[in-house]
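Working notes, beginning with the structure itself.
Each chain carries a letter (A, B, C and D) given by its place in the written order, and its residues are counted from 1.
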Amino acid sequence: MSRMITYAEALNEALREEMRRDENVIVFGEDVAVIGGAYRVTKGLLEEFGSRRVLDTPISEAAIVGMAVGAALIGLRPVAEIMYLDFLTLGMDQLVTHAAKARFMSGGQVKLPLVVRTQYSLGRVHASQHSQFLAPWFLNVPGLKVVLPSTPYDAKGLLKSSIRDDDPVLFIESGVLYSTKGQVPADEYLVPLGRADVKKTGDDVTIVAVSRTVIEALKAAEKLMEEGINAEVIDPRTINPMDWDTILNSVRKTNRLVVVDDGHKTGSISAEIAAKVVEEAFDSLEGPIIRVNSPDIPVPSSQPLEKTFMVSAEKIVEAVLKII
Amino acid sequence: MSDVIVVGETSVDEYCDVGLTPREMVDMLKQMLEIRRFEERVERLFLVEGELIGPCHLYLGQEAIAVGVIKALTNEDIVVSTYRGHGHALARGVSMEMLMGELYGREIGTCKGLGGSMHSAMYVKKNILMATAIVGSGIPIAAGIALGLKYKNSDNIVTCFFGDGAATTGAFHEGINMAAVLKLPVLYVCENNQYAYSLPFSKSFAAGNVAEFASGYGLRSYFVYGNDVISVYRASREAVEEVRKHKSPVFIECRTYRQKGHGVYDRALYRPKEEVDEWLRNDPVMKFSRRLVELGVLTEEELKNIDEDVKEKVEKAVEIARKAKVLEFGELFKYLYSSR
Amino acid sequence: MSDVIVVGETSVDEYCDVGLTPREMVDMLKQMLEIRRFEERVERLFLVEGELIGPCHLYLGQEAIAVGVIKALTNEDIVVSTYRGHGHALARGVSMEMLMGELYGREIGTCKGLGGSMHSAMYVKKNILMATAIVGSGIPIAAGIALGLKYKNSDNIVTCFFGDGAATTGAFHEGINMAAVLKLPVLYVCENNQYAYSLPFSKSFAAGNVAEFASGYGLRSYFVYGNDVISVYRASREAVEEVRKHKSPVFIECRTYRQKGHGVYDRALYRPKEEVDEWLRNDPVMKFSRRLVELGVLTEEELKNIDEDVKEKVEKAVEIARKAKVLEFGELFKYLYSSR
Amino acid sequence: MSRMITYAEALNEALREEMRRDENVIVFGEDVAVIGGAYRVTKGLLEEFGSRRVLDTPISEAAIVGMAVGAALIGLRPVAEIMYLDFLTLGMDQLVTHAAKARFMSGGQVKLPLVVRTQYSLGRVHASQHSQFLAPWFLNVPGLKVVLPSTPYDAKGLLKSSIRDDDPVLFIESGVLYSTKGQVPADEYLVPLGRADVKKTGDDVTIVAVSRTVIEALKAAEKLMEEGINAEVIDPRTINPMDWDTILNSVRKTNRLVVVDDGHKTGSISAEIAAKVVEEAFDSLEGPIIRVNSPDIPVPSSQPLEKTFMVSAEKIVEAVLKII
């Protein structure tokens, strides 16, 4: 049995199920309790689980992440919400210098089963300070796990796995995907961390895409099909750790790679994927690896400009055609 | 509140002692009306016409603060604003077309359409040097501006607006402590509208009020009834003088109320109806216009005319903004760096 | 300091009313001596033998605080420590070999040599759950631990140590406000040694003292003479009871002095000689040992014997640490994740 | 005329000269005035320029960076010091969301001539929380310029250019290099931002290395010489903007590339360089691009472990031999 539900609803179900399953799971952050989150992902949790387990906090991002670190150290499984990925710049010390390192630097004495949930708002006319896709930074933070779901199915299954995971997980949602719908089983399931998903198989070219751009990549693959090009579309889902096997095997099969994500091109997730592939599968490559990204400028507010700014199916098609 | 200077509502009898001419008071009311009608129109453009989209935070209910504080400044004094900045911009005299143009994402906008509503108040020609959408972040930036002013032996000061929610950010503490330790000429104005998005002030801040807490930094601190423009002006004038003279920070908390939701789409059902009603009865625009009529400074008729003029001005701004063009995408790269 | 409970030096006459047995007091002195001799030895290992390298922050002069506060806790209460943490660890009963082993970067160290001096106090078996080297960052982490304790209906509390410099960080403000608003059982202990590296307290913090500022969050707050272990203990016992009973944060500022430089290599020439001398005359270890002798709890002879024993213990720890082995590099990867 | 001086002294001279030249240059940060900085880079500035221009601040990293933003907005040229790169995690909002974006998001109304100076301490037994090489994050922040000098000569010339630059510059020094000596002209000179330096020419392989690892790369090149391999060593010096021409031209000549930096491998600066080269010069490549980096774990404190952890000349030699 499965139903069509939205990405936001899928996340909400994941939280509910894990909170029912494990008393140690608690949720806190700005506006998560009484109104159920700025984007309603935590809707109804206060009503079901009460104010002991679902807490509205002041506007104190560093303390929110820090509190998650402390709660995890004492054995809870906190799920902290940071309303926008941009605001995580205020919690970087706690996330990067504490959550990701406490286990290692103590010689393995502690574990930190915490989740920081957040979302990036590129595509919603939010301007430079509310549209940053900062995910690539966290590739470079060993000790963290980083998850970016692209479908309601993945969103639910990955969030459940993240909550059960014993390590700190940064869970980055896509704001524009909240309202997108997809099939989600009524029965419980998990999607494991660290495993990519082949969203579409193909032989001619591999397209690796992350989060929102997976949807664009799939549209691009459809258009390419019309031109007789059969693209394989891979969604890593977890970027740290990355499922290199799936990506490398695909490139070894297709011999061509286009990498796509919503970040600025320079220093992007796509850069890491390209670098790894050229390092490990150079001999399989029959052409350059093309990256499709946002340009290296902040995000403009004006809607038509933002649209031009963003990765689209058209840009992906164009990139594929360059190397085929 | 032992360490705090409390400024309550100003009675009509006291109006004459404030040192404002009737003309000035009418101008202040006109500014408040400009903000009021502008914001009402913007709300409709979002919710009824659906012509505007994206985040937008209305200033409705807080008009007395922008107008009262800014009246106490010179044009050369610097202002640091926020995402809830339309009121600050209009009180500073930013043109309605440019402000509306920014909301429409047009090249004629204050920020050429690159900032949108949340940054629309950033307009350097009117000495508004920042409109940040990150809660609290303007506070240390204002300290830096003040450092520069002091360094240059300028007589100008900087005024930094922020909300009650900002009072719980690390930036608030670091910024105000920095300004206090280095003795920097900043006027910090906390517009306490009693909500940070859905969070009521009592659940946000451990102290009973921000003014008293701020006095803990050794600052002179005011607690002001923020729905009375004359009270806000009186406190601000005194505070501004203090900052200018002593080149040290001063703090003002204005108690007010957010008449609408946090953002334009928020219906704010989390607030008790009686509370909302109580504050609506104390609407700052109504309050001030009634007083000016009472005082004989203005007739009902004149008031109506002013209001009509303002509405027309707003409508014109909408027309112009609607028709204006959007920047070419290629132009954007010009705004990344000053030098290469 | 209207809102603050001041606890000055405790006179010998009052010692009998404190509720500590002579045995307990001698044990406290022994702990203080352990810290003293450990730190003196560490200093020589850095500066004379040159056997240790890297950053290291000595606890010399602050011994009364770690010992006085921790004496007021149960072993199950949680402690959050800092880079200046050797004293906290020893007062909690962490073995000298393990602590010294950590300084030597050996596998027998509290953190298997991965943490070094700055994190050496992090030892979970003694319920020290964090020793952070980022100033102020322990404050919100302690709030989170307290949230967990409260959630589990535990009777335990968490005690969080930090310095005067931490009081100017955003984490201090956000963390304490959070703990106050959510009513979390944390005892915040500010060890005000009057310097943040080279910066004297008066140039660092806008308020005259941290205790009074903290009372601005609505907390019960103590201002304690930190070079008297009995004063620290008395205040802490009361504060701990309060936290345990009301499940709300309480604040203690202990005034003390950093007898040495900020780090082991810092000669701290930026401090006035008279100030240093004054505080050296009030050395907490000398003070307490003199009092115990005065009180007849201890003879000079016994004191000397204890001291000799402690020194021997320190020397043994050095021997063991020196000879211990370093972890294999390949092992490091095991400590990255708990699960894969 | 030139003298042998240390990297720290060279930086100190740069600050002095620019402060003499331009009244608008001021310096602030933790412990920079009375003691002249934790690593003495600002030594003597207080004595020469007084407490109006050289200010000790409280421990408030967010406010330090924020104050630099404000001071720049009003026309000063602040040089703010953040004692360790790790502590910049506390100032990310101000640096990334304000300094780097204020000009763009205001439609070019303002400029922000500020410098944030900091240093990374990898190699000095400082453990996980004081040894992070976070430079790769800033590749992905358009609007910032990012500079990492490897020699006293570059340190001085680049810091002077950074102070004169009208845009926000993040200037990342290497703690272990402070005491290294090199020739520095007595006469004034500038090193322009955005221009790489070929530290050694060669035909057989290109080694691009950043900051401290440049020294290791040069040692590696010497060893390779003994084996008859002539490596070209390039130091980008500015990683944002990167001097792609110099790098690409070198690869087009040598056809082989090894990239080196002190960061964790995944998401490193080296990743971006590899990705760009494979995108732009694929046809020139005769083998995979190898990256030499720190492993993907936090930095261990124990000295021998830290040494094993770090990039070394030996590891670079090994990498080169793999592709030659």
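Everything that follows uses one rule, which is that a contact is a pair of C-beta atoms (placed from the backbone, for glycine too) under 8 Å apart; a residue touches a chain by one contact, two chains touch by 3 or more.
Because the structure is predicted, anything quoted here is derived from the model rather than measured.
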{"item": "Which listed pair, B-D, A-C or C-D, duplicates the contacts of A-B in over half of its pairs", "value": "C-D"}
{"item": "Chain whose mean Cα position lies farthest from chain D", "value": "B"}
{"item": "Where chain B and chain D are represented by their mean Cα positions, the distance between them in whole Å", "value": "41"}
{"item": "Centroid distance [mean C-alpha coordinates] between chain D and chain A, Å", "value": "30"}
{"item": "Separation of chain C from chain D, taking each centre as the mean of its C-alpha atoms, in whole Å", "value": "37"}
{"item": "Contacts with 2+ other chains: residues of chain C", "value": "111, 113-115, 119, 132, 134, 168-171, 174, 177, 181, 203-205, 332, 335-336"}
{"item": "For chain D, residues contacting two or more additional chains", "value": "58, 60-63, 86-87, 90, 93, 97-98, 104-105, 127-129, 142-143, 296-298, 300-301"}
{"item": "Contacting residues of chain B [partner chain D, same complex]", "value": "78, 109-115, 119, 122-124, 129-130, 132, 134, 137, 139-149, 151-152, 158, 170-171, 174-175, 177-178, 181-182, 332, 334-340"}
{"item": "Partner chain B, residues of chain C touching it in the complex", "value": "2, 168-174, 176-177, 180-181, 203-208, 212-213, 216-219"}
{"item": "Of chain C, residues touching chain D in the complex", "value": "53-55, 105-106, 111, 113-116, 118-119, 132-136, 165-166, 168-170, 196-199, 203-205, 270, 326-327, 329, 332-333, 335-336"}
{"item": "Touch list for chain D against partner chain A, complex", "value": "62, 86-87, 89-90, 92-93, 96-98, 100-101, 104-105, 127-129, 132, 134, 136-143, 240, 242, 263-264, 266-272, 274-276, 278-280, 282-283, 285, 287-291, 296-298, 300-301"}
{"item": "Chain A to chain B touching residues, read off their complex", "value": "30-31, 34-35, 38, 56, 58-63, 86-87, 90, 124-130, 295-298, 300-305, 308-309"}
